[in-house]
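Structures incoming, each one as structure tokens.
Here chain A shows up in two complexes: once beside chain B, once beside chain C.
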Partner chain A sequence: MASSDSSLELEPREPVPSGSAFRARATRRAAQTADAWRSDGAARWLFIWPAVLLILVLSIFPLVASVALSLGRLAFHQGGVDLKIIGFANYQQLLFGLERSHFLGVLKAPNPIGWAVVLATLALCAVAWTRAARGGRVRPIGLLLRLVGGLLLVGSVWVLVQALASDGGRPGALIVTLIFVFAGIVLQYALGLGLAMLLVQQVPWRRFFRIVFLIPLTITPVGVGYMFLMMTDTSKGPLEPIWVALGLRDFTWVTDPWLARLAVIIGDTWQWTPFVFIVLLAALESLDQEVREAALVDGAGRWQSFRHITLPAILPVTTTIILIRLIEGFKIIDMPNILLGGGPGTATQSLTLQAYIDWNTLNLGRSAAIAYLLLILVSVVATVYVSFVRRRVTDLA
Partner chain B sequence: MSRYRMVAAAIIPILVLSACNSSASPSPSSAAPQASTPAATTQASAPAASASTVAASPGTKFKGISVNILTFNGPQVAEPLQRRAPDWEQLTGGHVNVVAVGFQTIYDKALLDASTGTNSFDAYVFDPQWMGDFTGPGYLLDLTDRVTNDPQLNWQDIGPFFRDFNATYNGKVYTIPLDGDFHMVYYRKDLLEKDGVKPPATWDDYLAVAQKYNGQDLNGDGQPDYGSCIAKKKGAQSYWWIISIAAGLLQGKGTNDGAFFDTSNMNPLFGPNEAITKALETYAKTKDFGPPDELNMDVGGSRGLFTTGRCALTMDWGDIGTLTPSTYAQDKTGATITPGWTQVLDRASGKLVACDATTCPNAVNGVNYAPFASFGGWSGAINAKAPKENQDAVYDFLSYMSSPAISGIDVTLGKTGYNPYRTSHFDNIQPWLDAGLSQPAAENYLGAIKSSLTNANMVLDLRIPLTKRYEQDVLDTAVSQYLAGELDAAGTEQAIADGWNAITEEVGKDKQLAAYVASLGVQR
Partner chain C sequence: MRNPFGRRSATDLSPPAKLGAFVVLLVWAFVVLFPIYWLVVTSFKTPYVVDKGPFYIPFVDFQPTLDAWRYILVELGNDTLRPYLNTVIVGLSSSLIALVMGAAAAYALVRFTYRARVGIIGLGIGAGGLAVVAALLGAPPAIALLSALAVFAILAQTIGRRFQRAMGNSDIAFWLISQRILPPIAVAIPLYVLFQQIGLLDNILALVITYVAANLPIVVWLMRDYFASLPRELEESASVDGASIYRIVRSIVLPISVPGLVATFLIVLIFAWNEFLIALVLTSANAQTMPLQVAAQNATRGPQWWAMSVLILIMITPVVAMAVALERFITRGILVGALKG
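Moving on to the complex of A and B:
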């Protein structure tokens, strides 16, 4: 841009060229243009296409190939292996067949609390839809989509309460994954924001704590899994004397499914809170202090300042962090696998872990089917989240 | 123009350097063709040739040949291969590259490598249970002629069980044993002798002994310890222990009877019947006398607790015996055959019946012992599609590793994860004493192994196509759910039966039945 601007400024000052000089200049310019084009084109080709091809080979092709895999079954034969197409049998097995109890869970009739949750969700959806319809601002197609979305939400809540708020119900890998994702995100965001708010102040040892808080993020998830495996080992782990001193000799994380899930969530939170912390810290440090100071001068309290100035200001960053953690959280495998092997029973078996177990026994078709169901779930949740948050951010703006 | 030239100038040296680099240091697989020197080919093509049998100059026989072996990253199992490889390389001029991966990934890595034609590994040191998946499609090299004509290997010195079952499938030898595996029960000999308590003969005895010592201070540290430590973590070894406990209730008429399926119709024996109910209940009761987090403990945890004196009883492979030297449990440990039962399953009715001469012909004092050869022992198999010279070299290395002189030392070391499997391992007690065991401890340990190996009712581990899915997926998940209280006994039995039947139907019932019967058809 700079060079073209300067040439524009200089051109009028140049004398009018003679015919031969003009031709020579035109030839030179044409050659320069061709060289420049060739140079840019070559660079473009050289730098962009390898990356595009790499993405196509490493991402798109496996994505398409795994569709076929999810619809098939491997058969080993003399000198090779065949993929026998069996239609949607792998999906059928997961959603309605033998693996349903592991994938969705054991679903029983809801207890009174479960019914209350379902009815409350139904009522909320009905109210929201009625308001949208009466408002007249939503087009018919929008109303239809809202209706479908509402029904999906009620259906999801129905499945959840049958597994979690029922007598004899039990969550499967899908619901366990959702628990890990949402509980983890809430904890990580709350802790990350708290730590960021703390270190944005001029506290002693500020730089030191910034580095210390980042350490968990630098450790490989498998390493974190083994570390928590040792720490939660109450009979022979390094913290055994502490457990004993606290009178928790017979305490264990692993016989109760909810304690086991809590152990996984704590480990995951320990590892990923620093990510939330560092991004929010950067966002907080970039805020205009004058606005907050003006609010304080006008008599706003600390909470009011935080609620009405700080939170809205960091909302775009918050949106991004939660989206990243949401997508990443659905893929959780290291912590439940290393820490508990998905146990006790199937209490901590996430979707990715279930796919991994199938992969290890070369049940590649079912493993791919789980991966595709996970892809659909993540896409739906992320899309709903983004559209929901975008509207809120737009409203705030 | 200048940018174009700069890019070109930057890329050309990179390409040239890459080309030079790749030609200077070839990958293991690219080294194979270079190894096909006339001398190496000639030597290697001799039938059943081995480093020590062919009169070749030391250090040149497999010169230039590099072989890749896939195995478990233990650190046991890979350790002896990595430690011994330089010695073999010195002897033959070859090179061994041990690729060690996690236990859960060996099976799929090996099978995909062979089935997709990648063939990046020349040999696999793996679980011989998986042979059913490898031998059918012809992924493994038939070693029958080699092993029987190899003086270095001394095939007849290998225990009959490991020769005829572990290494053999449908009458052909496919693997070279490096390890001998089956379960035994270990007990605190010092405590039981002091109290005049006999080692458990039945599982009821086991529970009684465990109850007696549970909560007592067993190692003098002033803290209460545990009556029994059996690893129960999901995705680890949990499913093997339940097979050991159920074995004596399921198999009464000898090895050929089978303990997994009814050999007449392929109906799962691990299904709704009184034997499995009793086995599950017994397995769950051992929890009452174990550490609080036993449900999340793998075999490394139970070994640690036993060798530090914190458990009165444990069940394990032969590893405990070689792990005790220099620990609290040294000279305080006794080993005995896996406890049995005084009842056995009547397969027609699904009920338990008392053991007698007809139902339990091999019973000792009315107790039906059925020691379980779980896993079978790490064994080396050769990729049928590996280059010929690599097959010869890697065979020679595996033969070297299994040879009496080398394996005689390795099986006495706890760090190897290898347990005895040769007659000479039992006859020559000196290496055991050198490894730190006392004479009585070594004799007790080897005696327990011998009594298991010579038992006519030994239970063979499942070895049919998709074995890993039957055991490590369906059985492991169902048993783990039972221990965690997610399923009751009836639900667990039904889940196992349904899961196993689904796998059987997937492969084909007739095919699986034929494979199962073939795997049991060993004449001993």
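Moving on to the complex of A and C:
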């Protein structure tokens, strides 16, 4: 009797779990599961090894070869190619040397708004860090890591502000790519979720919409690029009457950096919203509708039922979608390349496009160096994202 | 006739809300379909008509012609058919293989716990790196690989056992997805060298292998969330009843995962169908795929819009047809039915 009492009381008395407690509990649960399934020893390995082996074989060689390329310069001569190792010169050129204005941007002293942003970030980081230090729950090594992370954050904000909120500053490929990625993810997720939510309702023409909404994803990215080139042509494109009606007959958006970037973001969103849409649709459709309906019958509002039932159920898959779009988005190339050739100037040149241009001019070393910097940047962003966001909302991490 | 906007059940949307939803959906459908419509009309235009400015409606605004279609389907004939068949074969086979391997790995990552030992992994990477360096320095690849394997086996048995730090399931999953970060630009040349060594250049097998590897992480991540959201009760009760894991997967897990599997299959099929840069580098004539044909229409005389439109349209037709055929599987009821039945 006593034991059943205590087990009854344990649950409500448990404090609100912090991230690490969640993780500990998840591990414990997973360990119990492992015991239950231990009899399937062969399946354990059979299920996962083919995937791991294939990826291992196909990934290690390009990874190692790219490092070698990025540290060297290819010399072409009659009958062959020589790789001359020149150390970190390619990286140095991109981050500090000649190519910095191209890669990072033209950095100038920030204007007052820029200063305000930097100081606010600095203050926030300082407050968060002192809190962690005073709380006493974080180990010294954790504090050190947090300090480094905070300094990195302030440093990146400093660079961003110098390029974007300053007189005469200009963002380079790295910052332009960040803009594309984050604007794209926000737009695509909002649109994809909205459309998926509408289409789980019993609206007329449901099947028609579900298939039509998938179409942009089915077109090859190169084709989408050319299609948008047609659509955005202000003299022969189908939108020409609209431009004329707005009195913009001789106006070209191609020469304005921000309009050009906007065009790329619109094209990217047109193409990738279906991806978010179809994954969320599958997730929403597999939810147990009875719980939601019961809540609605019991008088919960639609917003409440979304907030407390639907949203928690789709949070794990949401974080996966965002992670995949983050990784894929950083590789954006076709839309800015075909639409604008990276122009005006280098205003829409993404990292991959810059690497591609170097690749085409046979500067393979610098191309590989750009790719590696991209790899490092995305790895850091993705790791931070997985450990700070995804671990909070799912046991899977 | 029933009012299409009427309530179907007590919890359904109210008629005005439903009408509003319908209008929003119509607007987005227009945004999606208008560029497609433009592709269709462009495919029936002559270069002169395209150049003269926007014309919208065939027979009213301009006289349609089948020139572009005839050019792509008849004049080019086999030069269109071969890449088309390649795309179909590569797309279907690579996405099916990726789906099977990836779903298995995803299920394993949800239901089993793994402890991948860091020491062993480090040794493996080191040995692999040695093999690559040896190969770059001119050793025959087969010998370099074999000696690296031998070094790895010896060291793993001796030093490797001392390092007990391990990676969990989430670390394995993150490692898998991190393989997609390096842009195709950086991967293309090493892959070219790799497939050159094993004599698979300009062979669709090379594309199949590459696309399976490239799409596996996507399958693993999407299906992992999906499997994790399935109720455990069914599998546990089957396990208690003595069913083997293969039986449980085949007759319980797979049937109730159909919506997720179908959505994932469509996504990776589309990725493989449309991939451009790797195909550009790994193929020359025999194994070329359709995205290369589309890009090739941007000739020295400027983009051949009419021909490009035809190619894009014949490229998306089978994928859209497949989406039409598979769409009904992405629907509710399957899971609920399984739980009740």
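Things worth noting here:
Heads up, the rule we're going with is that the second predicted complex is superposed on the first by the 317 of 397 C-alpha atoms of A that agree within 3 Å, B and C clash if a C-alpha of one lies under 4 Å from a C-alpha of the other, contacts with A are read in each partner's own complex, and residues count from 1 in each chain.
The rule is short, and it goes like this: contacts are C-beta pairs under 8 Å (C-beta built on N, C-alpha and C of every residue); 3 or more make two chains touch, one makes a residue touch a chain.
All of these numbers come straight from a predicted model, not from anything done at the bench.
In the superposition on chain A, contact of A:329 is made with neither chain B nor chain C. By the touch criterion stated above, A:342 is placed in contact with chain B alone, chain C being left untouched.
By the touch criterion defined above, A:374 lies against chain C but remains apart from chain B after alignment on the C-alpha atoms of chain A. Contact with both chain B and chain C is seen for A:43 once the two complexes are overlaid on the shared chain.
In the superposition on chain A, contact of A:255 is made with chain B only, not with chain C. In the superposition on chain A, A:359 makes contact with both chain B and chain C. The larger set of touched chain A residues comes from C, when the choice is between chain B and chain C.
In the superposition on chain A, A:150 makes contact with neither chain B nor chain C. Of the two partner chains, chain B is the only one touched by A:81; chain C is not. Legend: residue contacts after superposition of the two complexes on their common chain; A:236 is shown touching both chain B and chain C. Overlaid on A, the two complexes show chain B and chain C touching the same residues of chain A, namely 36, 40, 43, 46, 235-236, 359.
Touching chain B in their complex are the following residues of chain A: 35-36, 38-40, 42-43, 46, 73, 76-81, 98, 102, 170, 232-236, 244, 249-255, 257, 337, 339-347, 357-363. Listing the residues of chain A that touch chain C in their complex gives 27, 30-31, 33-34, 36-37, 40, 43-44, 46-48, 50-52, 54-66, 68-69, 191, 194-195, 198-205, 207-223, 226-231, 235-241, 270, 275, 278-279, 281-283, 285-290, 292-293, 296-297, 313, 316-317, 320, 323-324, 327-328, 330-331, 333-334, 351-352, 355-356, 359, 364, 367-368, 371-372, 374-375, 378-379, 382-383, 386, 394-397. The touching residues of chain C, counted against chain A in their complex, run 4-5, 8-13, 18, 21-22, 24-25, 28-29, 31-36, 38-39, 42, 50-54, 56, 101-102, 104-105, 107-114, 124-125, 128-129, 132-133, 136, 168-170, 172-174, 176-187, 189-191, 193-194, 209-210, 212-213, 216-218, 220-222, 224-226, 228-229, 236, 239, 244-246, 259-260, 262-263, 266-267, 270, 273-274, 276, 290-291, 294-295, 298, 303, 305, 308, 311-312, 315-316, 319-320, 323-324, 327-328, 330-332, 334-336. Residues 1-4, 7, 11, 104-105, 107-108, 111-112, 115-117, 133, 136-138, 223, 233-236, 291-293, 295-297, 301, 304-305, 308, 310, 465-466, 468-469, 472-473, 477, 480-481, 483-487, 498-499, 502, 506 of chain B are the ones touching chain A in the complex.
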